[in-house]
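Mind having a look at this structure? Questions to follow.
Order as written gives the chain letters A, B, C and D; numbering starts at 1 within each chain.
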């Protein structure tokens, strides 16, 4: 992937923001914003809101998982363009630290983009903090003829 | 755990339904119902709704993950009673089949309940179907003095 | 999979024992035996040996992971026959309890057998004990034209 | 962890090489070498050998998992010194590409070092190649009074 950074993402920030907002209401309500979108890299921000708080005053795990999952969707589209029918096949997340009741930033990168599967890892941080609050590895299955040659 | 099934759950179905509805609005909106609650076993039902649909006409992954996560919360409370501050430390899910646009049933069982950690696995099925649509393994960290002796 | 149990495995116990012994020396040295082999189910036994002990007097994790991985290989072959080129794409294991310095029994079952991927879960126990010592979920990628229709 | 890189590892390369060689024969036989050892970072090399080959002419998964697991053991000791009784609680690995029949380099870093748990991620590459062949996230449980304050 040495030349990846010099290449343009195959979907714009505006177009992917619309995907997040419109495709699945349960995810769209999170009001996630696109901070950066590269060719195989992504940075998203999920604002804090009262509806995401859980006992202990932190952001609920399911919202963090939704953020990690949609970040991987964006990573796939950053390389392949709109592929709405790409689907998650597995997600594995470790919650590392109690998040502040603040916005969460997700940084993702592709580990592999094959013909049939894409794998990426996503690191979540409370906005403005250095230490990760969660780390996820997500695998997507790609629609036929959309993935690259392995 | 041979005698587990002969023991009473430490939280009632009604009380755990209230936990799901009230503690985290992002999860409460899913309107998940308690079908069965045993001493270390649980069965939950998440109704289908338009807001959970994703492209392809199936139930979005983040809602399935939220269901698996809250099922594990219930498993912990079925053994320890109300422990709102128990938190997820890891969740690993495999999506096995495309769910029907229908209610999803989660069946969970504890694999381990230690002093500091609890581990359970959760199988999701579309209501009325035999094959699993997803399988999750979830780990919770228990508040001090709440877990059992390892 | 309701009729699965009434069908014959597509590889014999003797043939799969030879696979385990001969294909990969690093796994073959574990001297794993086939206890049961069904159509989508498997039971293997790994004898204890001094070379598997780790500090604390228990069986080392890497040997448990090797056992879980080969059990999934057997599950795949129990449905598809010899498919040496099936390869692991992911393995996720939770170590639940300290194993006794004794033989370990692995019980596995298929969660999904698709056209391209197979997923199974494997539970490990110290021989003669009821509680699991580890639980793994393993995914294999199947060679083209060997898997079933999704 | 901003000052971590300026601090000395709490175990020497020579001492950790001895841990790998002596503590568990099943791992010691892999003849893994320590390339670099920092304060929360590690780089190990596992030489190729005939006994690690699997059908398809690549390095078997169980050897890659053993390498990832021991790399995390080293990460923990790089911060806490000799803690032989630290044990793996979970390991999740994705196999991304077919490894060359060559030495494998593991690069690891700590994601979290708490009072009771440490989490790290490990990336494996065939020696001399840029793309990862596998990526693992490993969690260790720390003996009482050895971990840091959360």
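A few points about this structure:
One rule holds for everything that comes next: contacts are C-beta pairs under 8 Å (C-beta built on N, C-alpha and C of every residue); 3 or more make two chains touch, one makes a residue touch a chain.
Remember, predicted model here, so these are calculated numbers, not experimental data.
In terms of the stated touch criterion, the partners common to chain B and chain D are A, C, listed by label. In this assembly, D is the chain whose CA centroid lies farthest from the centroid of chain B.
Measuring from the averaged C-alpha position of chain A to that of chain B gives a distance of 24 Å.
A separation of 27 Å divides the Cα centre of chain B from that of chain C.
Residue positions of chain A touching 2 or more other chains, listed in rising order: 89-90, 92, 94, 139.
Those residues of chain C whose C-beta lies close enough to touch chain D in the complex are 23-27, 29, 50-56, 60-63, 65-66, 69-70, 84-85, 87-95, 98. Within the complex formed with chain A, the chain D residues making contact are 1-2, 92, 94, 96-97, 111-112, 119, 121, 130-132, 135, 137, 139. Within the complex formed with chain B, the chain D residues making contact are 89-90, 92, 116-117, 139.
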